[in-house]
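Here it is: the structure, laid out below.
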Amino acid sequence: MSSATTGALLEVEDLRVTFGQKGKRQFTAVDGVSFTVNPGETVGLVGESGCGKSVTSLAIMRLLPNRGNTVTGSVRFAGQDLFSLSDGEMRDRRGRDLAMIFQDPLSSLNPVVPLGTQVTEVLQRHKGMKRGPAKTRATELLDKVGIPDPTRRLSEYPHQLSGGMRQRALIAMALACEPRLLIADEPTTALDVTIQAQILALLRELVVDSGTALIMITHDLGVVAGLCDEVNVLYGGRIVERAQRHDLFKVPRHPYTGGLLASIPRLDDPRGRRLSPVPGSVADNIPWDSACAFAPRCSSAIDTCRTVTPDLVADDAVPDARLLRCHNPLPVDGSQAPTAPADPTTTTEAS
Amino acid sequence: MATDTTFGQRKKDRIDSLAEAGTLSKDEGVSLLQSAWRRLRRDPVFLIGLTIVSVFVLVAIIAPFVAPFDPTKAVPELRSQISPATPIPPAQEGHLLGGDNAGRDLFSRLLVGSRQTLIVGVLATLGGLAGGMLLGTLAGGIGGWMDSAVMRVVDVMLSIPSLLMAFSIAAMFARPSQWTVILAIAIIQVPIFARLLRGSMLSQRHSDHVLAARALGVKPAAIVFRHMLPNSLGPVIVQGTLVLAVAIIDAAALSFLGLGNPDDSVPEWGQMLGAAQRFFNTFPHIAVYPAICIIVVALGFTLMGESLREALDPKSRR
Amino acid sequence: MLKFIVRRLLQAVLAMFMMSLLLFAWLRSLPGGPVSALLGERGTPESAAALREQLGLNDSIFVQYWRFLTRAVQGDFGISNGVFRGQPAMEVFLQRFPATIELSIIAIAIALVLAIPLGYLAARRRGGIFDTGSVIFSLVGVAVPVFFLAYVLKYIFAVRWGLLPPSGRSGVGINATHITNFYILDGIMTREWDAVWDALKHLILPALALSSIPFAIIFRITRASVIEVMDEDYVRTARAKGLTSSTIRGRHIMRNALIPVVTIIGLQIGALLAGAVLTEKVFAFPGIGDALAQGFTLRDYPILQVVIMMAALIYIIVNLLVDIAYAIIDPRVRTR
Amino acid sequence: QSQRDDDTGGDGGGDAGSETDGGSGEAPEPTDGTFVFGAAGAPTTFDPFYASDGETFRVSRQIFQNLVGIEAGGTEGVPELATDWEGSEDGLTWTFNLQEGVTFHDGTDFNAEAVCANFERWADQNEVGQNPAVAYYYGNDFGFGDDSLYGGCEATEELTAEITITRPTGKFPMVLSQSAYAIQSPTAMEEYNANDVKAEGEAFVYPEYAEEHPTGTGPFKFESYDNAGATVTLVRNDDYWGDAAGVANLVFKIIPDENARRQELEAGTINGYDLPNPVDWASLEEGGNQVMIRDPFNILYLALNSVADPQLEDPLIRQALYHAIDRETLVQNQLPEGAEVATQFIPNTVSGYNSSIEPYAYDPDLAKDLLAEAGASDLTIDLWYPTEVTRPYLPDPQRIYDAVKADWEAVGVTVNPVSKPWSGGYIDGTQQSQAPAFFLGWTGDLNSADNFLCAFFCGDDNQFGTEPLPFHQELQDALRAADGEPDEETRTAMYEELNANIMSEDWLPGLPISHSPPAIVVGPNVEGLIASPLTAEDFSTVTVTE
Amino acid sequence: MSEQTPDPATEPDGGATTATAERDVLVDVRGVKVHFPIKRGIIFDRTVGHVYAVDGMDLQILRGETYGLVGESGCGKSTFGRALLQLEELTEGEVVFDGTDLASLKGEALRRRRHDMQMVFQDPLGSLDPRQTVEQLLLEGMKAHGLVKGQDAHERLVGLLQAVGLPKTALQKYPHEFSGGQRQRVGIARALSVDPKLIVADEPVSALDVSVQAQVVNLLEDLQEEFGLTYLVIAHDLAVVRHISDRVGVMYLGSLVEEADADDLYALPLHPYTRALMSAVPVPDPVVEDSREQILLAGDLPSPANPPSGCRFHTRCPWRQETRCDTERPELRTLQVEGATQSHRVACHWAEQIASGELQPHAVEIQVTDPTEGASDTGEEFFGPASVSEVG
């Protein structure tokens, strides 16, 4: 599935989001991100906290706050540039063509409005349904996402539901108008593992059944491994590596990807393996404009890394269609990440 | 009252702190106060308040040295102008605003009045703070039955509208004076401070860092005074700035009702306003000046306090 | 819910009991006391002693308190011996209470009608000139002493322009029938429209003066809570659902933002009662605040007792109602 | 032994509506207008017998009349319900001839029997009614029980009543001009249990009569008292025996706040109010209102109580303190226009006033010398003044206090201020001889020196604490003798002497300061109001033009 | 079959075949229960129920080992950790620490004893007093236990910082001036400051980013080696727990359902819940993910205020049987199953049958109960069992 497919449902092109008002230091949270999503495809955006995942998704939905940020680039949905739409037109699309699920299921539901209303309002808004039919449809939806006794739940309030059910309700709302694209921003972070598994299973089933395109945002590589077709690894607002999931996990090429994989203890690891953390933290980043932002934390950084900004280019060293932003990628053969050097950083961050 | 319905809050907090752990690094790390200050520096509301309050405090400090006349004594030339028909000497050369009904220079009184007003405000607030801290610390620090007992009392105090209570307290004293005013206003602030402090103490009580201190084997008293109290004072201090404004206005109200300090030689705005009501119809200026002073100062403290409160409120820190 | 109400009512009873005790002890520790209040300047040591005996003031304080308590639970708070000499304090209270209620309701209504839309707009334009301006304006309202504002209003509207009556509750010559002592209500019931208009005219100025503080507070709360709610995840969800802005505003923002406003209204009732003392005094408005102010100067203990106790009771009850309203608005509380 | 006053001033008997006066041609044409008067407080009851405060009497005077009235604008007694009266030689039996054709508001006739019924009713009070807090005036003037002044009343003819008293007194019959002795309808009183006053809780409960059915003979009838709206409404008595009232309705609107009263007058929503703030007089007049300044009928004094502070037993100290006070300036600066420096404890309109008494000179040097002589150059004294109150004679206690304090300090006296709320300890303290020096005053009820002097000095526990002083007994005897003297001229002479004695260097139990004129103000469109020094205005002569 | 099982509380060494034949037990937890009363009342609060946060825990922690405790959110892990350190009052049971019954210690004696046992918290920022410098934070404990006198304080502090890998300059800084990982290091240093024997680490890494998490995990391991510490590590991430623990206990709704050496547990999970939990943990390897057999559980953790009768897990258990499960509470016992060691204990009536494949999982009936009933005051009251399960 090449990212250059013209029939792509969503094409994000050089998306750039800059925060900061006059006087304040400007901060580019998303720095030229491009990717595409095809119908029925699941694309993952992974990266550690603060790397710009949520901002990307909000920018696509045009849900960023009105003030205090600048968004450039283009987002084309089914061939139409979303940024050129009027507010009203965009409102018509949201919920109908593009839908979104957020990470905290409780705070994302209005606590004082019955669940039923929250589901039916989308139907009434976009499908022009009357209350009666909307209600029937809502019942079906809840049933579909696996909420038992849906009629009763319709008149209940969010707090009366368990965490898993709330997340399901959110999904039901997002699916109400059968959107063509669903963005899930860390939909399971707030949930327990067993419930997370239920939700992921549900999402997986949805994509398979209805051919909805899904953008899965998470910092959990495990979630991505089980769900996504294509994975984008973000670092400091830029995509540093993109590959099909099997390829990525088998041969991580970017040192950051490798570092992430190496620092996660795995259930199937042999015990006693020492974890190899990516040293330092996001705070050690240097700006992308004249260097690789990851260089200060990178164990295989070379001088070029600190002086030349790497580009996201096709990686010829591997047979798969992979994009990589690195001057000194990890070797293809040694599938393990190199062990971290004793003190790779020049900052006070000790390790 | 309603309970805080923070279902899943724990998880949310965990995530928040995760985000915070990532964003707050050593060079960017700023304390709550610092970040509040950063926001406040740009807040026009706060700046206006700060300016007013600074000017007021400054005036209170230097007033006795710059006042053209002794505000406690009648100026003979003004006094001689007093008659039943003109009890208030009008503005004239040398007396910018004229005199009051005892022949004292009004401008000097206004200037020096700032000092007493500040004293009433500050002492009443400190008194309320002290009482509130005592009760709040007892309730929040010791907890258990002490908490219930103290809180029941506080609830009853709270269920009486505050100004009514101030009237009652002020009326209790045979001899009203500046101190009864201060005391009355201080007492009505006690339950507010107590509740506030107890609330934040309780949340401290269950906080991890107090638990950590306990786990470390720190002595209970030290936990209360070194860990719980200092960390609970934030909202109390903010409330303090607001109470200062309220205290000044309440003092004026008590004077207005005749429960203020009857000895008016040392000027105080509220008291001046209260005393001026007899002349309001014919000589409104002697009421208007102190009233405007009170309004401006109370506004200063209120603006400052409110913006401080907002800046410190983690909910609005986005 | 029922349990909750019962619990709160019992708590109220407890609070009232404690208050009555405090109040009783309090008043009895005041200089003066009922004898000097009754005899005033005419008292002599002998006549005072005789009166003391006659009124049972020589009994122990516990006996007196018990007597007070047993009467009070039957709604008998004694006979006024100052302002409304000879009249049962409770009767005075009941006669005057409607006036205060009417005043408070109008004041709160003014505050709400102005503050909520203004608060919403300020929140929407947060940081702008409109916002800063209205924040400062609202705080000026807090900083102006009520009684001073009252004077100024009266001076402008009544004395200078003669638009509205300067004080009192009704004009002389309006021959209104009083059924409930809520003049507006009475006027509507009897269709005496001139009486309604007259009552309204008398209410405008005091209500305006009284509303300054609740207005400021409700404005601030609305503003703060709208700001908070606007940032809530569920509002983002609502936007992500592509709802119209009116649905988002009404169903998702305001419905949540008004919850703290409801609570604050309850708390404001206390402030209103206290403010009423000053406002009613200045406007010679015959409500309980006015009675209280007069009671203080004349040391009219039965009046003070009934007004303070009733004020506290009303405060408690209103807050109970607010909590119930709260539970109705906020389902999270309801199921507790 | 006791004194009374209140912020609306004193009061006296009923109004001058007698045959001679009532028809003297001043009577206005009755109109159907309404006169709205701003009252400072609510009347405590509508039965004046149980009242002692000005707000009550102001209302009751319009409803009721007395046997003896007061001349309009003066203090002399004039015929009212009695056309004339005569006392026996020994001054114990008094015969009153009554006005003919008078009916009470309930339609019953006024006659000698009704008069006697009133006298009997007064004497026949239950235990509660006898309490000084209830029937103050009667208890004070007549007294209950065996040693009562009242002997009996007999209706010798339809319109002739004969009243006996048990001992001669200079007050009689003038005492009957006070509002408390209004003649009320016996029928109505019986019907509504007028005497049924009870003590309940910590206060008194008045009977239905006093609350709702006051029935007199005056030009106005009681209509309603609206506590919720704080108004008392009276209507014209169309069957009035004299000249009908000028307005159809008389409304008392209760406005406790002084500023509010003024604003109401300015806004035209009331037609007048009593005791305008002297500060406002000029501007009120500018606004077209009529400020009527009454003759002063009050006294402000500074009592020096030797019981509270034995130093004051030394007459030198008392003299010194007096000489130290600059009363001229005080009166000029602090008291309203028309106020006078007092030379003695009664105003000059009261018979018994001794015009030969010279005022104590303001002489600080002399004061210093006297203090030195008394060995009290470093005298320290507590000076009390009241708060939460203004009185007609004491418009601004604080300022008066300031002035005296400054004067005293100028002669080396250390002054400790003590201020207490009027009814929150001030009255108590001054009456219980706790205050060494304090300000107080009195507004007369009637033209009687006894009404003033006895209020100040009668009894062993009087507020001047004269008991330890050498002249105490002499003073008591003189007071009693003068009051008991039936012959008016002798009595007057006796009072003149007594006044001189009181002000003599050796006695000087206190320091009279001033008499100040209280004012009453009415709007520009009010006519016919005659101000009364006793503040006993009769509103039946008033008309309001549109 | 609990009757066959020796009671671990009375016979702690019963049938020990593990490497530690001479079991050197540092902490012996016997039948610990922590119930939080739910208070409601008209005037005076009355206890109307209990949150059964910890409901019968039995375990031993050996000197020098790392004991890992896993379980779903709200199952009582933290409460147990606190109870172990006597920071929570025990409703029942006892904790014998190094030979002393901690419950017998009160007030000052307990406070003195605290220097043997310390805690590291989940939230690195929240557990550090924001108004104290690192130096104050670290000194406080030492002073409380009289461990330092004047001069050596500084040395000790520097030593501590070195041990946790912080620069000396950190001493004068406030907690907010550190990054998340560094803060957690401060927290660990504080725990170490009093020379404890036992450290209870309550989710020490779950607030941290994956890479930082690895740093801290490594640090904990290093310190254990250096100071000979004993750890009780509480976490909800099975992978982390398995990584650092010698033995692992799986908790469900207030009590252990399974306990085994780390490798044994992963090799052969015997309890249905453990199986489900393990199958739910996502593995960052698509190959594993694709081939994994997931056991999806129905619904959420029931409310600890209203725990199910019998086996606590029966409401969600795909292997639930008609008999026993909902009436009889299973006890921890060792199994006679091939591959299972003697130290492998499990609380399930049907563990043998499940292990042998005799019993097959089935769909779980949805039990719709009122989610608000038996609500606790803690805010977690609205969990109710709910969803359909698919057994994959």
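Just so it is clear, A, B, C, D and E label the chains in written order, and each chain counts residues from 1 on its own.
Methods note: a contact is a pair of C-beta atoms (placed from the backbone, for glycine too) under 8 Å apart; a residue touches a chain by one contact, two chains touch by 3 or more.
Source: prediction; values computed, not measured.
> What is the graph distance from chain C to chain D, where chains are linked when they touch?
Counted as steps through touching chains, the separation is 1.
> Which chains lie in contact with each of chain C and chain E?
A, B
> What is the chain whose Cα centre is as far as it gets from that of chain A?
D
> Weigh B-D against B-C on C-beta contact pairs and write down the one with more.
B-C
> Just grab the chain with the largest centre-to-centre distance to chain E, centres being mean Cα coordinates.
Chain D.
> Find the geometric centre of each of chain B and chain C from their Cα atoms only, then give the gap between the two centres in Å, rounded to an integer.
Their C-alpha centroids are separated by 23 Å.
> From the mean C-alpha coordinate of chain A to that of chain C, what's the distance rounded to whole Å?
About 54 Å separates the centre of chain A from that of chain C.
> Find the geometric centre of each of chain B and chain E from their Cα atoms only, then give the gap between the two centres in Å, rounded to an integer.
Here chain B and chain E have centroids separated by 48 Å.
> Taking the mean of the CA coordinates per chain, how far is chain D from chain E in Å?
89
> Among all residues of chain E, which ones touch two or more of the remaining chains?
73, 179-182, 209, 212, 372, 382
> Could you tell me which residues belong to chain A and also touch two or more other chains?
48-49, 104, 107, 111, 159-160, 163, 281-283, 348
> If I count partner chains per residue in chain C, which residues reach a count of at least 2?
Answer for chain C, listing residues that touch two or more other chains: 14, 30-31, 151, 155, 281, 293, 297, 330, 332, 335-336.
> Quick check on the complex: what are the chain C residues that touch chain A?
232-234, 236-244, 247, 251-252, 255-256, 259, 329-332, 335
> Mind listing the chain B positions that touch chain E in their complex?
3, 5-11, 13-14, 17-18, 20-22, 24-26, 29-32, 207-209, 211-219, 222, 226-227, 230-231
> Which bits of chain E are touching chain A when the two form their complex?
Touch list, chain E to chain A: 72-73, 165-167, 169, 179-182, 185, 209-215, 217-218, 221, 236, 238-240, 242-243, 262-263, 266, 276-290, 292, 294, 296-297, 299-301, 366, 368, 371-372, 382-384, 386-390, 392.
> Under the stated contact criterion, what part of chain D meets chain B in this complex?
For this pair, the touching residues of chain D are 258-259, 262-263, 277-283, 332-337, 339, 387-388, 390, 396, 398-399, 402, 406, 417-421, 424-425.
> Give the list of chain A residues in touch with chain E in this complex.
Those residues of chain A that touch chain E are 48-49, 146-149, 159-165, 168, 192-198, 200-201, 219-226, 245-246, 249-250, 259-269, 271, 273-279, 281-283, 348-351.
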